[in-house]
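Structures given as structure tokens follow.
Next come two complexes, and both contain subunit A; in the first it sits with subunit B, in the second with subunit C.
Up next, the complex of A and B:
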């Protein structure tokens, strides 16, 4: 029997969200088909790749990554370098050093670094904090204020912080707000509802539904993303029609496959290659499960994943 | 599965204030009732203008335009025995939020309303009765088959006929309730859509009892695969039950605020 192609398009669609300003502004979301199903209908906005620049990562970076950023003294220097990588659509500044239990860099110093980056590059900016709720709320508030008009995304508001972060970044300073849940599908929906009830517009919300490195409970990540997408498209659930951005690097570069030295694990081969592999494998899997954007660290991963996307579109 | 569809029943000319508003073309009471129902979560609104023998066409056009212009093209269920009035209403109807519903056809004198729906690419509520209430499910299924064949021979999608088994009043026909629910299951197993005037079942009961009875009935009907009902959306207990059943059936993803949505 001849094969008859029956496109599976939906009347519902993911709401497009714009990040950044000017020529380099990007739009994520907008599709009305399942992830990467460009054979069912054209995907309005191809998934985007962002580069993560953490303010602590060079301390532990593997050789080739360190070499890529050789000579860089500030996050702005690094951002300039990263912005030239082909396939990079946005810059994610990850202020890990702000953690009060770590270096405790002040929010003001982080904001100054973010401002310097925004003056050095014109790509859209995404800001990640240190996972300390109090500090992140302060940081997101101040950075949203300082970068008014730049249309940045703060990643992200959580169940404990959505009021403060939503009210400052989303309402007072008109930036985009991430809604972060950790692989909890009901909470993912609930956070969107709460932020919308707070008054944050639907097209100002991007979801981070959580992530894990491939092999570390990753099947829960996949089923969460898939269920979110099926509800958004198949059931026209407007509370879930926000695009998904997934910070991949922050998960994958901490697992043993990416850090165990060759001396400890000779049979595993080159440590940096393993790290890149973990990042690539996890990124491609979350793209296939529903992410509209991924945040990666290594130039080699960025090259591979952006090539994959462009060849599938 | 798709979310359960509620059709709000409160714009009905049996209500004195609505009847007067329709007679005098006074928008305010009609818009007020429409807003209450939509705020309470109704998907469709039923617009019952009664027999409307004299000015039905003009009245239905007025009502459709009024409601759709005020409420972002809210989908409507056009409810009258006057066929010309239904057609007139469809002629000004905006479909962006859903096809119009013709309320209603049966397997007897009103079977031509299926033709009307087919000619106008509308949904039709198909009552499984001809002359009086069906005696049993054999009769209901016979009517269902007749109407289904008629609609499909005229080019309708089978999902555009919404079969109504007719809810029966508990006070007097208590022994027939399970049969109605079984009919719903049979329609559902055939892949057909279903609807019906839910509150018939609690007719004549004290006011405080009716929401309880209606909620129990809708939960059992949804269990059988019912896809829609004509209801009073301002009945909070009923709407909460419908939303909860939608969650249990996995029609809607659960979130703690699900009752607010």
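Up next, the complex of A and C:
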């Protein structure tokens, strides 16, 4: 009996969200099929890969990553270098040093760095904070103001900060706002509802439904993403139809598989290889579960994951 | 050794000697000083506030006490230890639960009407309203030198003839025997006997001289985790002779059943908890009821108790620890072997204590008795019975089947876990409205218009949260999103809405409701709603099949159903389907006391109920999180509320 393809398309679709401006602007979301199911219907906007540039990462970076950014003095230098990597569609600036319990870099210094990056590269920008609610709210407010018209994404507003971040980034400065929840479909939905009740438009919201490194409670991440997608497409739940962006690197480069030295764990092999592997496995899994964009750190991971995407599309 | 003096606003101080390092709350408990500590001393509820008047205590400041209050001597008893002599004031707000319980049950004409209607419904359902107690008038032949039969044989012979029991066994209660010679001789051997008649057996409970008032009295009791209510009833006529309620004396060992069970496993704990319920709670109730009804203690011949599984285990002093631990097994569902005397309750010596049967570890006799009262077992259409106590219990079904489950709502409905929460006693805000323009509240306080607000009870919290949500003061997560003169933030950034400022309130501080309270309440309401949703889903039903909802419990008589639906606590079905049936547990106990058929029916009902354990249901957590939103994450479940919010 010949195989008969029965495409499973949905009448609902993920809302497309545009990031950046000009030629290099990208659109994430827009599909009406399950993740990567390009055989059911064409996926107009293939999943995107962004490169994470953290202002602290070189301190602890493994050898080949350090070598890649060799000679870079500023985040702008690094961004220029990263933007040339094939497969990279956006730049994610991760201001880890802004943490008041750490280096406590001022929001103004972060904004200056972000501005320099935006002048140096024309790829869309995503801004990640330091996980301190107060500092992030200040940083997102100032950076949204400084980069008006650049159509950046701030990653992200949380239940505690959505009012401040949504009102500044989303409403006052017309940027895109991330909505970050912790691996639970209901919490994701509740935050989207709160944001839209605040007045942030649905097509200005990108979800980060939470992440973990593969093997670290990762099945919760997968099932949450899958359920979010099925509710959005299958039940036409408009409050869950925002595209999902997952910051993979921020999770995977902190686990022991990525940092335990070869001296401690000789049987595990090359430490950098392991870090790349963790990043690649986690990224491919979240793409398969429903992410529309992933943020990666290592050039080798970026090469692998973007090749995977292009071959599946 | 140091001396700690506990002082009270009204009443004599209690002195206790203590060692350095002794915990103040423990000392108070040892000396029967009632300090409200629903969290059992974990420094989490902030209820055990006391004021240091003189001397010193070693005590950290916690988030429950502001700097100014700390300066004024306010401390949490549970984190205070002895380091010197000290005088501490135990404020009235902490002891309110014992002394000033509102007679929450049958206190108003409205509630009496509800009670009578429910009783009538049970009768209309065909339950025979008859018990096996009778009063028998006898005239005995007086003894002479030729007729030297002892008093008890003389009486037994006469009873045997009068009742026609033939060779059946007759037993005379010891309390009856003790007074027999006097009773017989008081009215020339004319007596009235209180008899309990079985098929082949008969108990003589009492012998009362002819001409004296003889009432066959029984006591119906509802032992709630928080509140205990009781009725003294004439078992011949059904007339309520007296009524009373009080706080459960166990409350200082924890607000919920789990904390009580844990306390009972400590050395001497089981006896302490049994004492707290029997000696400190039931005795005073019995005393008050007997006094009011002018009945002697040995004139009470039966006690009928409806209580949750943990409460009836602790009442009879049986180990309740297995209830708490997987696989959650109680010692008994039903038992007929308890006599009042076994519990140390000295009423008529053969008086039985009838316990309404349990269905599961967390669905107990209060629910089986309440189910009888709700009448849902007698209708073809589907009904839902909800008991909003310290635990929320649900029963769903019709004349063909009944399903039940318990959802751990926590004590929020009865004012626990709420910073200014209190039970529905005098001074509790039981209803409130907030003006959407000025954001000023309009309060209804238990005890009448002249009563000053001291706290807020369950029905008031429902109203307050609903109104704050509708006025846009809080968002759907319960976080504050507006500013006005009544909204303020403490040093930790926790916002609160002041319902009554101190100068308006009779309390030691402002009556307010803060974000933590709202969060606790939202969890409580989510537990109820997700329980309803899962139970119906397990039968492949949705809320549209429900024809009637019977709401019972001590949340306050004036629960506003519309507001309860708006916050997503109860399903969005037409409001006329909701009926408030008051204290159904007490009503069921009353029916069981008066009617043997009712008692039998409750046992039948309990055996036919399917118990569903929610804690092991994989979907529960998900449904619970979805319900932790106002009204619900899935707005489709609340169409009328969604519609209203649009306007």
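Convention: the second predicted complex is superposed on the first by the 311 of 313 C-alpha atoms of A that agree within 3 Å, B and C clash if a C-alpha of one lies under 4 Å from a C-alpha of the other, contacts with A are read in each partner's own complex, and residues count from 1 in each chain.
The rule is short, and it goes like this: contacts are C-beta pairs under 8 Å (C-beta built on N, C-alpha and C of every residue); 3 or more make two chains touch, one makes a residue touch a chain.
Owing to the predicted nature of the structure, the values given are computational and were not obtained by experimental measurement.
Visitor: Based on the superposed arrangement around subunit A, label subunit B with subunit C as either clash or fit.
Guide: They clash.
Visitor: Just subunit B (first), just subunit C (second), both, or neither: which does A:186 touch?
Guide: Both subunit B and subunit C are touched by A:186.
Visitor: Classify the contacts of A:40 with the two partner chains as first (subunit B alone), second (subunit C alone), both, or neither.
Guide: neither
Visitor: Quick check on the superposed pair: does A:163 touch subunit B, subunit C, both, or neither? Answer first, second, both or neither.
Guide: second
Visitor: Could you look at A:240 and tell me whether it touches subunit B, subunit C, both or neither (first, second, both, neither)?
Guide: First partner only.
Visitor: One more residue to check, A:194. First (subunit B), second (subunit C), both or neither?
Guide: It touches subunit B and subunit C both.
Visitor: Comparing subunit B against subunit C, which has contacts with more of the residues in subunit A?
Guide: Touching more residues of subunit A than the other partner does is B.
Visitor: State which residues of subunit A lie in both footprints, the one left by subunit B and the one left by subunit C.
Guide: In the superposed arrangement, which is not itself an observed complex, subunit A uses residues 185-187, 189-190, 193-194, 197 for both subunit B and subunit C.
Visitor: Going by the contact rule set out above, which residues of subunit B touch subunit A in the complex?
Guide: Interface residues on the subunit B side: 2-3, 251-257, 260-261.
Visitor: Under the stated contact criterion, what part of subunit A meets subunit C in this complex?
Guide: 159, 163, 184-187, 189-190, 193-194, 197
Visitor: Going by the contact rule set out above, which residues of subunit A touch subunit B in the complex?
Guide: 185-187, 189-190, 193-194, 197, 227-228, 231, 235-237, 239-240
Visitor: Along subunit C, where are the residues that touch subunit A in the complex?
Guide: So the residues of subunit C in touch with subunit A come to 475-477, 479, 481, 622, 625-626, 628-629, 633, 635.
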